[in-house]
Structures are given as C-alpha cells and as structure tokens.
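A, B, C and D are the chain letters, set down in written order, and residue numbers restart from 1 in every chain.
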C-alpha cells in the first residue's frame, strides 16, 4: 500500500485504540475477545486477530477493503477473523462508520434465552430501541457474515445494537463515541433485565 | 453573557468535572447517561446534553437560569434535557446546592419493584433515610419536572435521595461531596436490598 | 500536642492513606463509610469522621489515646465516631497494630442472615478461620464498643475478622497489609458463600 | 547463585510483575492469594509466598529448579507454597512456559458444584475447551502436586485451564499473554454459566 493510511486516518486509529481500551477497562470484553473497526472512505480499519483490546497499537490495526480483504498490515499481523461480518455491516448500512463486537457477560446471558430484551428504562427506550438477536454461526464463517447481513438489513437503519447468540454483541454508530456508548447502555440494560427477572422469579 | 462564569465559579466547574468522572468510574452511570448540576448564586451550571460523564470539560458545561433556561454555552452545546427537573429541585429546596441524576443498575432494579427500600444497615439509617420513588415521566417533559417537584416538596428538607422509576436516581446535597456520597451509599444500599431479597427468597 | 506525631509515625500515616484508598478502589467501602486506624506506641491514629476513604490526607488523621480520646487534630476535624470500638480492640488485643472497619456489600448481606460463614475454600480455611458476628449496636455508642470487646475477647487471639451485623466488617492485623488483605479475603469468601447458596437453592 | 538471573530473564521478570498486577486489578485474585511462574530454560521463576499480586517486585521473585527447590531468593523470601504443583506442571507438559494459579470468585463457585463447565459461547468452545476439575488437596502438599500431575497428564496437551476444587483455577500457556487471557476467559465463562443456571432455575 503506497499511501500512509495510519497518518491519513490518524483520528480513527486513535479512536479505535482509545475505545478498545475503554471496552476492556469497563469489563465489556476480556482476554483477546472482541474487535472494533472504522469505515475510512473506501476502506475499513480493524483490530488484528488475537490482539487483546487492552493493548491495541497502530501496528495491531489492519487496512481492509469493503469486501473484507486485507490490503496492508504490519509483518505477521492478520485482520480479526470477524472482518467478514464487519465488512458486511458497512456494505448493508451506508450510514454506519463504526462497528464494535464485544463479549459482555450479562448481554451474553440474556442472549442465551432467546427472548426479546424488555426496554425497562427511559434510556433503553430512547437510545437503544429493539435489539434483534443474530442466530449462532461459526466465527469467521461466510454463514455468520450472511446471518449478520440478514439481521442488519431486516432491522433497518434505526437499529444500533444486536445480540449475537452464544457470542456477544454487535453495535454500530456514526461515531466511535456513539458506537461505544451503545455497548455500555446495552450491557447495563441486559444486566437490569437479568436481575429484574431473577428478582421477580 | 458578559461575565466569565467559568472563572467566577471555577470551584463548582472543577467539582462537576471531578464527580462526573468519579460517577462513571464507580459504575453509577454509563454511556451518555446522567447529569450533574450546581447552584451558583442566581444561576445553575449543568452538564451538556449527550456528553459522557467520563469526559466532561468546561466547554461541556452550560450556564442556566433558575427557571432552567440556557444563558450561555459553547457553540453547538445545549444543556441536559433534564435541566427542567434540576431547576425545579433548586427552586423547591433553597438548601440544595448540588443535584445529581445517575443511572446505577441496582437502584434501577429496586425502583422497578415499586416497594420502599428497607434500611438494612446503620449507614442507610444514619445517612440515607427514606428514599421516595418518583413516578415515571417522559425525559425532558414538563410533567416529569412537576412530578419531581411534587415528590421533593412532599419529602421535605431532610430527604437526600430519590428513586426515579424506570430511569435512575436523584440525589441532592449542600456540597458536591455530600451529593455524590449519597449516590454511592444509595447504590450500595439498593444492592444489599436486592441481594438480601434474592438470598432469602 | 508538642511532638510532631505525623512525622514520628510517618510510615503509619502513609499506610493508612494508601490502604484507605485501596479499600475504596476495591469496592470494600463507599461514600464516607469505613474507618482505619493504627496503633502507634501508646497512641492510636485514626481517620477523621466524615472523610471519604478515597481521599484521606495527613490532615484528616487524628491522634487519640488508647482510651479513644482525641489528643491532636487539624482545626475542625474530629476522629471517626467509631474510635471507641477501635480503641476497645487495641486494649483487648495487645498483638493488634491495625484495625479496619469497612462496609463491603457481600459481607453485609451474609451478616444479615446471622448464620456462620462456611469456609468453602483453602484460603478461607488457612488465612481466615471462623468469623464471629458482632451484634447490632448504635454507631458510636458505648454499647457497641462493649459488644465489640466481648466478641473480640471471646474469639481469642487467632481471630482476624468479624462481621458487624447490619453494619460491615472488622479486621485486625499486625501490619497494615495483613489487616487489609484479610478484608479482601473476607469479602471474596462472603461473595462465594452467597453465590453458592443462591446457586444451590 | 552466581549468574544474575533477574537480568538474564528480564523479560519474564517483567511479565510476571505485569500480569500479576493485571490479575489483581481484574479481580481474579485478592489479598495474598494466587501465584504466577515462568519456565526459564532449566529453571522456574515464581512469585514469593505471602506477596500480594498487586505488588510484586523483582525481589519478590524466587529462582527454583524444575523439581521445585529454591535456588536463589532475596533475604527472608521463600517461594510460593504452591511451587510444588507449578513444577509438576512444567515437568508433565514440556510445551508449557507459563503457569498461573488464581482465585476468581465465579470459577470457584462453579468448581464447588463439581459438574462440567458448559461451553456456552463461541469463545469458550474455540479458546478454552473442556476444563477438568482437580480434586481438593492441602495447599503445599505432595498429594496436591500429584493430583495436579494426574489431571494435567490425563487432560493431554491441548488443555489450557483447570478448576482446582475449593481453591481456584490453574492456567497454562506458551506465553504470559496466552496464560493470562485464558484466566480471564475462564472466569467470564464461569460467570456466564453460573448466571445462566440461576436465570433458568
């Protein structure tokens, strides 16, 4: 790749690093789980496979095309194995500039039940809305990317967050902050729903 | 606005920033939820709409009148949509200098039940007292501001904390520290009440 | 007080500040709850009343006699209202150099049940041992100090930790680290006991 | 010991310190619980007994032989009492370069039940696999080291994590990061399993 994309998209590079660390510190992901990407013109920048989000550096980011193919990477680095469904989201939703896939515990627990998330708070009703559940699919598979596309298209352009059953969550946004705040709000909303149901059982 | 209110009220500006970040770090709020304000003479200073409490800066604070109207703001910034009920609290309670509205999970879960919070600990009996529940109201609506006023007036001058049903909590204080510590104590007390009931079920 | 006790006991002053902040950061106390003291020769140094443990400074420490009377304090500062039972512990247990009283949530929830803590792990059996429950008493009262004394004397010199019913925990140690680590271990042990019982219910 | 092993193995020394602190900050261990070691050629470097993982320094690390005998230590320091089973793991698994023994709460609660951990998420299926349960044994005993050896050998070379019943977890890895990330993933997986079972009860 001739052009220096890490400089051209320095703001996105910095934001991926900042929000990746925030997601780890907030407990929304652990180990090497999760991946975050940004749309940069005709490209996608995404975190590398096997990088812990607490420790993303510019060298751990990969430039990809909108069909999900890697275009430039530091030696030995490959893009997240979930690049396929990130790319699918960007193609299906032109308004989306950021995609985050995280593994927060209460959202996963809620998603395992398969029932719709009740919107128990004003914040959930105002800023989250209905949260579709994307069915199970092998990580990195074409089938999973297609399941994501189907869910995203069906949900329409107002939907900001999805459960990925037995896997985690998917959030989209026009900015890094929007996308990340949706993740925090979804996890809090799932925790409230889980505790409320336990409490009333 | 001619006078430089961010300098005149530098202490309050600094305290709003500090306690906003503390509330986020302590898990009492997430995303762009919550808002904090201070009474400054005949004015109110309040956090902007859509600002995450982890990242408040002086530019993200708005000067308002005691009727809740914005008087001065950085370009593009508007006051929290809940400025109406903050202002209502300051008018109803001359002793109150600080108001915090946060979204802590266990307090929300308790509030969903609608029953009175049992004061299970010495700290809750000594420093918290009875915690009224403010009924549901559309965020930013006149009806919600009126419901807050009614509850605050009815509760009397010794009440420091309120549940806002399906929404969060409201705490008031004579200092930033008093107001913030009440939020921490209420969330711990709600967590103890939720766990105690689960435990004994 | 003629002698400069903050210099003479600089190590204890520094340790109280460090472990007070650690207790807050670890979630073992919130708001202005809790108090920590150290035996310094014929004296006790204890945190002031109404100081949040996250923000203890040398000026927020009070020199007291072993009968619990304040001997020296910065202007306007008074010792924790629980100085009485700290002093009672030092008189009853000559081996004790540190006393911590904290309000961790799972320990409080366990203590509310009034049954003995099961020692479910090797760490609890090895480093904690039996944890007596001190009955309820008004904070700051002579009755509470006497109840603490009775429990501490009855438990004997090997006991490191106590539940204070409807109030929190009490830990003692020969060093600041010993005393603080006992608090962390007790809270983890109480959390395991609460979850295990919920899980098996 | 003539050679300066803290310099020769500076990278491992630094990694033990870093991941020990990370384990504490993440809540995977508390007080003086837990111990971490690295294989360094024909030697093992392990954390000292009674050191809190939040505060490991080079002086708190001990050089041991592969049979678990201490070879070099700062004055007054002794190796973790669990050095025996760390050494047993290194002898049984030549591929293992790192061993971590931690005390995370949900893993302990799951282990108390004695039933197999369900692999409810893609991450657990992909990166964790089956998690054997090592039976109870007195800390520091030869019996416990033998029980660990038996479980590790029986589980085979693909197994990365074990429950230690009534004690904690054991994770192994080719790098410090692999070993540590397995600990984080196991605790999240155990938390999901505990909550899912409570939720469906």
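Assume a contact is a pair of C-beta atoms (placed from the backbone, for glycine too) under 8 Å apart; a residue touches a chain by one contact, two chains touch by 3 or more.
Since this is a predicted model, take the numbers as computed values, not measurements.
J.: Interface overlap for chain A and chain B, more than half of numbers shared or less than half: same or different?
T.: At the contact between chain A and chain B, which are copies of one sequence, the residues are largely different (under half shared).
J.: Degrees of rotation, nearest 5, to put the Cα trace of chain B on chain C?
T.: Result for this pair is 90 degrees.
J.: Which chain's C-alpha centroid is most distant from that of chain D?
T.: So the farthest one, by centre of C-alpha atoms, is B.
J.: Report the inter-chain centroid distance for chain A and chain D in whole angstrom, where each centroid is the mean of the CA atoms.
T.: It comes to 31 Å between the two C-alpha centres.
J.: How far is the middle of chain A from the middle of chain C, if each middle is the mean of its Cα atoms, in Å?
T.: 44
J.: Using the touch rule from the top of the page, what residues of chain B touch 2 or more other chains?
T.: 198, 201
J.: Chains as vertices, touching pairs as edges: which of line, ring, star, complete or other describes this one?
T.: ring
J.: Give every residue of chain C touching chain B within the complex, in rising order.
T.: 30-33, 52, 103, 105-106, 108-109, 112-113, 136, 138-139, 166-168, 194, 197-198, 201
J.: Which residues of chain C touch chain D in the complex?
T.: 26, 120-123, 126-127, 177, 181-182, 184-185, 187-188, 191-192, 195-196, 198-201
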